[in-house]
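Following are the structures in question.
Heads up, the next two complexes both have chain A, just with different partners, chain B and then chain C.
Then we have the complex of A and B:
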C-alpha cells in the first residue's frame, strides 16, 4: 500500500465535506423536521401520520403491490437469465433477448404509465387489436404492470450476473451422479443462486416501493406512499413535517432491505474458479424457455410500441392520418426544447462531476493507505439505501431558504449523490483488481502520484469509466423521483415536464419528449458499449 | 474394451479432431497428451458423452454407445477443479450420488473407499477447509462410489504441488489396479503422462501423432512433433537433474 501523501488528504477531505453537506446534513434535517411541531420536538407527527387512515392504507397498498411485483419480477428475471445461461438457445436470439430486456431502463418510469394507458386503455392499441379491454388498468393492475416492467431489467441484471459466476460443471457432475431433474436443479442452480434471487426480490421491492413516476401516471385512485408523499408536500395544503415523517417511513423498508441484502450475501457461492463448459442437449427445455423469454420480451415491448406510433398520427386512435405535426410542435416550442436542453445539461454535469467524485473516492479507498478510507464504503451504503424521493425531499427541507433553491446545481448534486453507489462500486471493483505495485513502480520511475494515476491507473480502467458514464448519464436523464421536489419553472427537466403535460392531456407531446429521452439514451448507450468493446479488444 | 472409430469434430468450420481411431484395453491407464488447443479435452468430453461428435462411433465392450446419452453411458469424470459442492461437507459430497443409486454400494464398501483414499479424518470438513490434495481425493471418492465403467480425469495433477503430485499419481495407479478400472487422463505434461500411464495418446492439432507405451515413445518417436514437443522437454529436465545430483546418480 502506498504511503499517504498530502494531496490524498486534501482530496479525501474535500469529498467528505461534499457528503457532509449534501448527504448527512440533509438527512439530519429530515429526521429533525419529522419530530418538529409547534410545541417543540415530539412524536406527534408520527402519531398523526400513522393514525391517518388514508396514509395507512397507502402504506399497506405499497407493501402489497411491491411484494407482488417483487415475486413476479424475480420469477420472470430468473427464467430469462436461466434461458440465457443454461440452454443451447440460438446465440443471436440470446443477444436480442439480453438487449431487449434492458430497453425500459432508457425511459423515465412516468412514460411507462402513459404507454400502458395507450396500449390497454379503452381506446388503446392492444385493446383495439384484441377487440375488448383486458382489465381495468387504472390503479392496481396498471401499477403492477408498470412496476414489473420497471424492476425487471434491474432484477435481470443482478440474477444474470450471478449466473455467469456459477460453475456450470456442477450440472454435468449432478447428471453423472444420476440426479433427477428436480434434485439437479435445486442443487446446481437454485442453491447457488439463493442469494441472488433474494437480492432480486428485495431490489424489486424497494424500487417499486419508492418509485414515483408510475403511480403518478397510472395510479388512479389506488394510493401508494410515493403519491401520498407528493400530495402532502406539494398538494393544496402542504405539511412539511408530515412529509418528513412519510419520507422517514419510506426509508424504513429500504433500510430493512439493505440489511437483508447483506444477510443474503452469505448465501452466495464463491467458487474457486469456473470454466466454460457445454450445456447438455435438451431441445424441450430450450424451446420452452426460449418461448417464455420471447413472450415476456414481446409483451414488454408491445406496451412501448404505441409510443413509437401515436406521435406520428394526428390524433390516435381517432384520426390515424400520418403527420409530423407533433414533432414540429415540440421542436418549435421554445418551452419544450428548453426543457430538453435542461435535461442534457443536468445529465452532462451529473455524469462528469459524478465520475470524478466516485472515481476519486474509489482510488482513495482501494489504492491508498489513508486512515478513514472506509468512510466511502459507509457513504455508498447510505446512498444505496436512500430512495430518490427521500433525498430530494431532504434537500428541499434544508436548502429551501438558500440560494441553491431552484438552481441546476442542486439537481445535479442530488443526482450525483442519489446514483453514487453503483459507479463507486464499479470503480472500486476495477481498481482493486489492478496490480497493487503500479504506484510504487511509477514513483520509482519518477512519476508523481497524480502522474501515475493519469498515465497508468486511468488508462487501465478506461472501460470502467465508460461504464460509469453510461450509468450516470442514462439515470439522470430518466430520474423523476429524485428531482420532483427540486425543479423550478426555470430548471424543469423532461421527466418533470411530462408530469406537467399530463394535466393538460398533451399525450402526443409526452410521447415525443419520451422518444427524445429514449433516443438520446440509446445513442449514449450504443457509443459507450462500442467504446467499451474497443477497449477490451485493445487490452486482451 | 473401449473402441473409438473415425471420430471427427468441428467447431464452426474449425477442425478440432480428425479421424481418431483408438483401442483401450480394460484396466489400462491411458493419457491423452497434447498442447492446449490440441483437441485432447474435446476427445475426453466426447468419450464422456458431453460433447457430440460429428462423425465416428464409440464402442464399449462391443456395445455401440455413439447415441447413448452421457447419463446412461456409465462413465464418470473428475474435473480439473474438482467441482465439489461447496455447501456440503466432504462426506456429504462423497455420498452425494449414492442417494440416487441406493444399495449400489454397501456401507462396508463405502468405508473401504474412504479408507483407501485416507479420507477418514477429513469427512466432516467443509470443502473450503480441505487442501488441494484432499479435495482431489474427495472428488475421486465421490466418483468411484458410483462404480464408473471408465474413469475420466481432466488434468488431475495440474492444481497440485510437488510432493502431493507424486502421491496422487501413485494413488491413481493403485486405483486402476485395485478396481481393474479403465482410466483415461487428459494432461499437457509429458513427464506426468509417461510416468503415470500404460499407454499415451499424443495429439497434435486434432490428429493422433503417436499412440504407444512410454518405452515406445521414448525410444521410437514417430515424428518430429514427438521429438520436439515430448522428448526435448524430458531431456532438458534430465539434464537439469543430472547437473544437480551429478552424473553418477543417472
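Then we have the complex of A and C:
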C-alpha cells in the first residue's frame, strides 16, 4: 500500500466534512426533531403518530403493497434474467429485451402514474382498444402496476448481474448426474442465486415503500406512507415533528432490509471460475421463457406508448387530429423552458461534483493506506439505505432558516448524497482491480501522486467514469422523492413541475415534459454507452 | 507545483458545490417577484395576461399550489415564505395575518363593494348553489329540490353529489348555509342525511359535483353556481336553484408579504394591476361583482346572497370541518 501523503489527508478531510455537514448532521437533526415537543424531548410524537389510525393504515398499506410488489418484481426479473442467461433464445432478441427492460429508468416515477391513467383509465388507450376498462386503476391496482414497472429494471440489473457470476457448467454436471429438471434447477440456479434474489426483493420493497411519484399521481384514496409524509409536512396543518417521526419510521424497513441482506450474504457462492458453455437444447423452455419476457416487456412498454401519442393529438381521446401545438406551447412558455433548464443545471452539477466526490472517495479507500478510509464504506452503506424523501426532509429541517434554502446547491447536494452508493461502488470495483503498484512505479519515475492518478489511474478507469456519469445524470433528471421538499418557485425542476401541472390536469404538458426528460436521458445514455464501448475496444 | 494545480482543481470543485450554484439561483432569477397562488387555471391565466399587459413580463414567476399546501406554507413560514405576493382564500390570509402580522397594507384605493381589511383585496369570489339534471329528475320521478335540506330526503339516495369540506372551500359554503339556517343541532341531522345520500359522490374538488350531475351519474348536486350557469348555457339538461338557505361565497384575495425590500414595492404595484386589470377577465370566469362598476349577466346574479355571521377564519373552518365529520 502507498505511503500516506499530506494531499491525501487534505482530500480525505474535505470529503469527510462534506458528509458530516450533509449526511450526519441532517440525520441527527431529524432524529432530534422527532423527539422534540413543546415540553422538551419525549416519546410523545411517536405515541401520537402511532396512535393516529390514518397513519397506521398508511403504514400497513405501504407494507402490504410494497411486499406484493417485491414478490412480483423478483419473480418477473428472475424469469427475464433466466431467459437471457440460460436459454438459446435468438441473440438479437435478447439484446432488445435487455435494453427495453431498462427504459422506465429514463423517466420520473410521477410520469408512470399518468401513463397508466391514460392507458387503463375510462378513456385510456388500452381501454379503448379492449372496449371496456379492465380494472379500477386509482389506488391499489394502479399503484401495484406503477411500483412493479418502477422496480423491475433495478431488480433485473441486480439478478442479471449475478447470473454472470454463476458457473453454468454445473447445469451440465447436474444433468450428467441424472438430476431431475426441478432438482437441477434448484441446485444449480436457485441455490447460488438466493443472495441476489433476496437482494432484489429487499431493493424492490424499499424502492416502492419510499417512492413518492407514483402514489402522488395515481394513489387515489389508497393512502401510503410517502403521501402521508408529504401531507404532514406540507399539508394545511404542517407538523414538522410528526414528519420527522414518520421519516424515522420510514427507515425501519430499510434497516430490516440491511439485516436481511447480511443474512443472505452467507448464501452467496464463490465460484473459482466462470466458464461460458453452450446451453442444453430445449425448445419448449426457450419458447415459454421467450414468450413471457416479450409479454412483460410489451406490457410495460404499451403503458408508455400513450405518452408518445397523446401529446401529438389535439385532445386525446376526443379530438384525434395531429398537432404540434402542445410542443409549441411548452417551448414558447418561459416558465416551462426555464424549468427544463433548471433540471439540466442540477443534473450537470450533480454529475460532475458527484463523480469527483465518489471517485476520490473510492481512490482513497482502495489505493491508499489512509487510516479511517473505511469511513467511506460506512457512508456508502448509510446512503444506500437512506430513502430520498427522508434525506430531503432532513435537509428541510436543518437548512430551512439558512441561506441554502431555496437554492440549487441544496438540491444538488441532496442528489449527490442520495445517489452516492452506486457510483462509489462502481469506482471502487474498478480501482481495486488495477495493479496496486502503479502509484509506486509512478513515484519512482518521478511523478507526483496526482500525476499518476491523472495519467494512469483515470485513463484506465475511463469506462467506469463514463458509467458513473450516466448513472448520476439520469437519476438526478428523474428523481422526485429526494427533491420534493427542497424545490422552490425559482428552483423548480421538471419532475416537481409535473406535480404542479397535475393540479390543473394539464396532461399534455406533463407528457411533453416527460418526453423531454426521456430523450435527454436517452441521448446521454446512448453517448455514454458508445464511449464506453469505444473505451473497452481500446483497452483490449 | 503540479500537485498544487490538482489540489486547486478539487477545491474549485468543492467551491462550485458550496457557492457557485447558490450564486446561480441568485443571479439567474433572483430579482423576480415570486407569486404563490391557489387559483384555478383560468384565474392564473387572467393574472398572467394582465401582468404581461402592464409590462411586467419576465419580472415575476407564478407558482401554483393547492389551497391546503399554500395555507400550510403561510402558517408555517410566515414572512419567511419564498413568495412576495400571494393570491389565496381570504380566510387563510386573515389567520396568517393574525398569527404572523406578515402582510403589508396595500395602500391604494380599490372601490370594493364591501369593506375588506387594509392588507388584502379580493380578486375573485366563488358562490355556492344547487343544480340538477332535468333529464335525470324526470327519469327517476323526483321532485326538484328547493333547499339543501331537501337533499337529505331518502328519495335522493345515491343521487346526490356534494364537495367535501375537508378538501374544497366550495364544500364550506354548503356547511355555512346549513349552520346559519338550522343551527348546529338540527343542522347535523340534515348534514348526516345529505352525506348518507351522497355516498361515494363526496367530491374532493369543488367542480366535481357539476361534472357528476352533467354526466348523469347523479341527479342533483351542490357546487359552484357559475359553472352550472355555464353548463346550462351550453345546452346540457342542467338547471340551477338558489337554495332557501342562501348563496354563500368564498373570496380569494391578493396580499403582499411585507419583506421590507425593493421587491415588496414591485409586488405592491403588481397587486394593484391584478385588482384593476385582471378583474376584467376574472369576472367572466367568476361572475360575482366585487368592485364598483362591475356588471354580470342576469343569470349570474345569485338571488339569495348571504354572509356567515362570524368572520371566516381557518379556526372556523376547522370547527366546521369537525361538524361535518361528526355528522358522518
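Keep this in mind: the second predicted complex is superposed on the first by the 540 of 540 C-alpha atoms of A that agree within 3 Å, B and C clash if a C-alpha of one lies under 4 Å from a C-alpha of the other, contacts with A are read in each partner's own complex, and residues count from 1 in each chain.
Just so we're on the same page, a residue touches a chain if its C-beta (ideal position, glycine included) is under 8 Å from a C-beta of that chain, and two chains touch if they have at least 3 such contacts.
Because the structure is a prediction, the values reported are computed rather than measured.
When both complexes are overlaid on chain A, the residue A:448 reaches chain C alone and has no touch with chain B. In the superposition on chain A, contact of A:177 is made with chain B only, not with chain C. In the overlay built on the shared chain, the residue A:36 is in contact with neither chain B nor chain C. Within the superposed three-chain model, A:7 lies in touch with chain C and out of touch with chain B [touch as defined at top].
Touch counts on chain A: comparing chain C and chain B, the chain ahead is C.
Using the contact criterion defined above for the overlaid structures, shared-chain residue A:280 touches chain B, although it does not reach chain C. Of the two partner chains, chain B is the only one that A:169 touches; chain C does not reach it.
In the superposed pair of complexes, A:408 makes contact with chain C only, with no contact to chain B. Counting contacts as defined above, no chain A residue meets chain B in one complex and chain C in the other. Remark: chain A residues 167, 169-170, 172-173, 175-180, 183, 187, 191, 269-275, 277-278, 280-281 touch chain B in the complex. Of all residues in chain B, only 45, 50-52, 70-71, 75-77, 79-81, 83, 85-87, 96-97, 100-101, 142-143, 146 touch chain A in the complex they form. By the touch rule above, chain C contacts chain A in their complex via residues 2-3, 5-7, 10-11, 13-14, 16-22, 24-26, 28-30, 32, 34-36, 40-41, 58, 61-69, 71-73, 75-76, 80, 82-83. Across the complex, chain A meets chain C through its residues 7, 10-11, 14, 18, 234-238, 240, 334-335, 338, 345, 349, 352-353, 356, 360, 401, 403-404, 406-409, 412-413, 416, 448-451, 453-454, 488-492, 500, 503-504, 506.
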